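Shared chain: chain A. Partners: chain B in the first complex, chain C in the second.
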Partner chain A sequence: MKLYWQVAKNMWDQAIAYRLSFVIFRLRNLFWILTMYFLWVYALPHGKVLFGYNQSQILTYILGGAFLSSLIMATRSQDIATEINEGNLSNFLLRPIGFLRYYFARDLGDKAMNIFFSIFELTIVFLILRPNLFLQTSPVLLLLTLVFSLSGTLLFFFFSVLLGFIGFWSTETWGPRFIFYQLLNFLAGTLFPLDIIPKPLYTVVSYLPFPYLLYFPMKVYLGQLSTIEMVKGMAISCIWIVVLYAVTQFVWKRGLRVYTAQGR
Partner chain B sequence: MKKYLKLWLVMTSRITQIAFASRFGVIFFTLGKIIRFIFFLLFLVLLVEKTRSVAGYTLWEVILIFLTFNMVDIISQFLFREVYRFRSYIVSGSFDYLLTKPISPLLRSLFGGSDVLDLITLFPLIGFFIYTLSKLDGITILGVFLYVLLLTNALIIMLAFHIFVLGLGVLITEVDNAIWIFRELTALGRIPIAVYREPLSWVLTFIVPVGIMITFPVHAALGILSFQAIIVAFLISGILLLGSLYFWRYSLKQYASASS
Partner chain C sequence: MKRYVKIYIRLLHLNFSSLLAYRANFVNSLISSSVWGGFSIISILLLTSRSSSLFGWSRHDIIFLTCSYSIIIGIFHTFFSRNFEHFSRVVDLGELDTLLIKPIDSQFFISLRYINYASIIRIVVGFFLVGYLLKGEALSFVQLFGYGTMMFFGLITLYALWYIITSFTIWLSRLSNIVEFLFTITNVSRFPPQMYREFSWYVFLFLFPLTLIIATPTKFLINKIDFPDVLILIITASVLFIVSRFFWKLALRFYTSASS
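== the complex of A and B ==
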């Protein structure tokens, strides 16, 4: 455990070493949040209801979603493909260290840094724009939001690792990852709450793992889900975690069979 | 001019060959861009259909703004892709090699790496643009002509900013972050800029003239842009271009060739 704590700490130090790049990355993210924020403020004036949301709920969804994405979607596992393609994976195979646990620890370091900056950014946004936000007071719903966020974090981690494992078979790994992120913007509810899309499409999407990354935790926070919906959501999320974990283990073993340490 | 055009064609064909060497990547990259475009468009359609208008713009007018932003973004990425590689030339000392060539180092640094991959999505976009125009009332040939003229003006502003970034690269080796910040600021123009409040609207008016780049061509097409506004648009792009060229020359004088 101490070992992986040190890995997470090293990741934090690494991010600090390239401060300017990190701050610019966060700033870019902030511009995107502002685009959505102002668009919703304009489209949904105070006192009106649109798609079942009032202004305070939708702004909470946008800003809260931005904060949660720092926890759920911050990752360094995109480096896995490079490690494989450059033959550096051999170093891991020789060490008494779990590859997945190592990358999860790295992700935790990166997530900590992203959360830190996210709090800073959102405080500035709050001080300048003074948005009318919805504050959830139910301890049960707050706890459930945390539980759904953690399951979303696991889902995202397995997806990201699987994309990195493409490196076992191809050097062109950025293309699938690029598509994945574009899909995520829509299907995870990063761009807008998913329940604004037509009902049949929403039903199909709700069986995919993506909505449980961001959309579901935010809906739980807003208290807009019934107990049955939350239980169903947790069940689907858990099934996907088990499936993705099994696929990750399978692909890892298959990948090691074809790994040739090319580049070393 | 002819020499440069020939040179540009040769360099562009080389870069295209390199890009297409990884066909898998080309397909995914293009698909990803299309997905991004479709999803944001879907979001705009869902939102504006419910609200009927955003900042006084109807659905098809909002779509026209979104298409205009995409056209400016795609064309400028295609033309100025080499700027993204400029930092490595400075850091590695390869820029000295460009300076010894019998061609303008500025034109080489701007247009030396035009990537056709960036252009693939432009053609369906133009088709959708024509369809959007057919859905709008009061579109005239003069309006479309002014739209194209002001879109060219937007590209001149983009050119000026890319030259400024090159100058910054020579002085402090800072290219990537500066260009990303500029691109993200420009991306704020994918929706009507009237929705933004201070201090952001100030930045979009005086620092990065997104309004002139995106809103002005749309207003011209809709026939609601005054003659004075057109003159102001060209004056601002002219001033920015001259300023950036001056900055580029200044940065070259400061270049110490430290990396070579």
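== the complex of A and C ==
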């Protein structure tokens, strides 16, 4: 445990070492949040309701989603493919370190850094723009939001690792990752709440793992889901976690069989 | 000038050869470009599905704006953006040394040597959708000429902005993710300029050139163009291009080289 705590801490130190790059990365995020904020402020003026959302709810969804994405989607596992392609994976194989645990610890360090800055940025946005936000007061719903966020974090981690494992078979890993992020923008509800899409399409999408990354935690926070919907959501989310974990283990074992430590 | 045209034609050939050599990368880019283009259009269709107008632009106009974005950004990604992606590496690893000693304009070579043919799909998708949205409605010669010309100046503006900002890597060579930042801020241009008036004046001033790049050519298509719009884009493009030249020359004076 101590070992993985150190890995997470190293990640934090690494981010601090490349301060300017990190600031640029956060600035980019802030910029995107502001763009989406103004888009919705205009698209949905105060007092109007669109797609079943009023302005306060939609702004909470956008800003809250931005905060949650720094917890759920902050990752360093994109480095996995490079580690495999450059043969650096051998370093892990020789040491008594669990590969998945190592990368999860790295991700936690990265997430901690991103959450810290996200709070800082969103506070500035809040102080300057004074948006009319929805504050959830129910402790149960707040707790459930946290639980759904943690399951979303696991789902994202397995997806990201699996994308990295493509490195075992190909050097061309950026394409699938790029498409995955495009899919996430659309199907995880990063750009807009998913229930604005046509109902039949929404029903299909709700059985996929993507909505449980961001859309579901935010809907729980907004208190817009019934108990049955939440139970169903948690069940689907858990099934996907188990499936993705099993697939990750399977692909890891298969990948190691074809790993040639190229470049070593 | 003739020499540069010849060199560029040679670069087009060389890049085509490397495309054939790295076929998997090409297929990757082709699929990614199509997905990206498809999603950006679907997103805007959804967002505008229940409102007839936004920021003073009708739904029809906003969809045209998104198609123009796909075309112009497609052209930019085909001919320019890959060069900017290599920029910080060229400076950080000292590759710029070999580039500077060549008997060729360094700005020309560093910003035009890579061509990403896969992005052509975005241009095709954009033009196809514009054609579909026009539904047989004929465009006048003035509209077409204006659209093409403003697109050219829009691209010059975008190129110059990217060039000025990436030139900072001469001082800060570790700034490898500056291009990702540029990708994000370029997204600004896909929405109507009116949306950004709410930002504070200095942020708006910074974003102002970006808000013109797509909106001005699109105004030609939807018959909403004013003479001042045209003039502002031409002046902005020209000034920024000249600044990019001067700034690059200034930056080179501070280039300390690496590894040599």
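Rule of thumb we're sticking to: the second predicted complex is superposed on the first by the 264 of 264 C-alpha atoms of A that agree within 3 Å, B and C clash if a C-alpha of one lies under 4 Å from a C-alpha of the other, contacts with A are read in each partner's own complex, and residues count from 1 in each chain.
Just so we're on the same page, a contact is a pair of C-beta atoms (placed from the backbone, for glycine too) under 8 Å apart; a residue touches a chain by one contact, two chains touch by 3 or more.
Small disclaimer: the values here were computed from a predicted structure and weren't measured.
Trainee: Report clash or fit for the pair chain B and chain C bound to chain A in the combined superposed model.
Mentor: Aligned on chain A, chain B and chain C clash with each other.
Trainee: In the overlaid three-chain picture, which partner chain does A:191 touch, first (chain B) or second (chain C), both, or neither?
Mentor: A:191 contacts both chain B and chain C.
Trainee: Once the shared chain is lined up, is A:243 touching chain B (first), chain C (second), both, or neither of them?
Mentor: neither
Trainee: Tell me the contact category for A:20 with respect to chain B and chain C: first, second, both or neither.
Mentor: Both chain B and chain C are touched by A:20.
Trainee: A:50 contacts which: chain B (first), chain C (second), both, neither?
Mentor: both
Trainee: Applying the touch criterion given at the start, work out whether A:261 contacts chain B, chain C, both or neither, answering first, second, both or neither.
Mentor: Touch partners of A:261: none, neither chain B nor chain C.
Trainee: Which chain A residues are contacted by chain C in one complex and by chain B in the other?
Mentor: In chain A, residues 20-21, 24, 27-28, 31-32, 34-35, 38-39, 41-43, 50-51, 170, 172, 174-176, 178-179, 182-183, 185-186, 191-192, 196-197 are touched by chain B and also by chain C.
Trainee: Which positions of chain C touch chain A when the two form their complex?
Mentor: 24-25, 27-29, 31-32, 35-36, 39, 42-43, 46-47, 49-51, 54-55, 172, 174-178, 180-181, 184-185, 187-188, 191, 195-196, 198-199
Trainee: Which positions of chain A touch chain B when the two form their complex?
Mentor: That would be residues 20-21, 24, 27-28, 31-32, 34-35, 38-39, 41-44, 50-51, 128-129, 170-172, 174-176, 178-179, 181-183, 185-186, 191-192, 196-197 of chain A.
Trainee: Give the list of chain B residues in touch with chain A in this complex.
Mentor: 22, 24-29, 31-33, 35-36, 39-40, 42-43, 46-47, 50-51, 54-55, 176-177, 180-181, 184-185, 187-188, 190-191, 194-197, 199-200
Trainee: Inside the complex, what are the residues of chain A that reach chain C?
Mentor: Touching chain C from chain A are residues 18, 20-21, 24-25, 27-28, 31-32, 34-35, 38-39, 41-43, 50-51, 170, 172, 174-176, 178-179, 182-183, 185-186, 191-192, 196-197.
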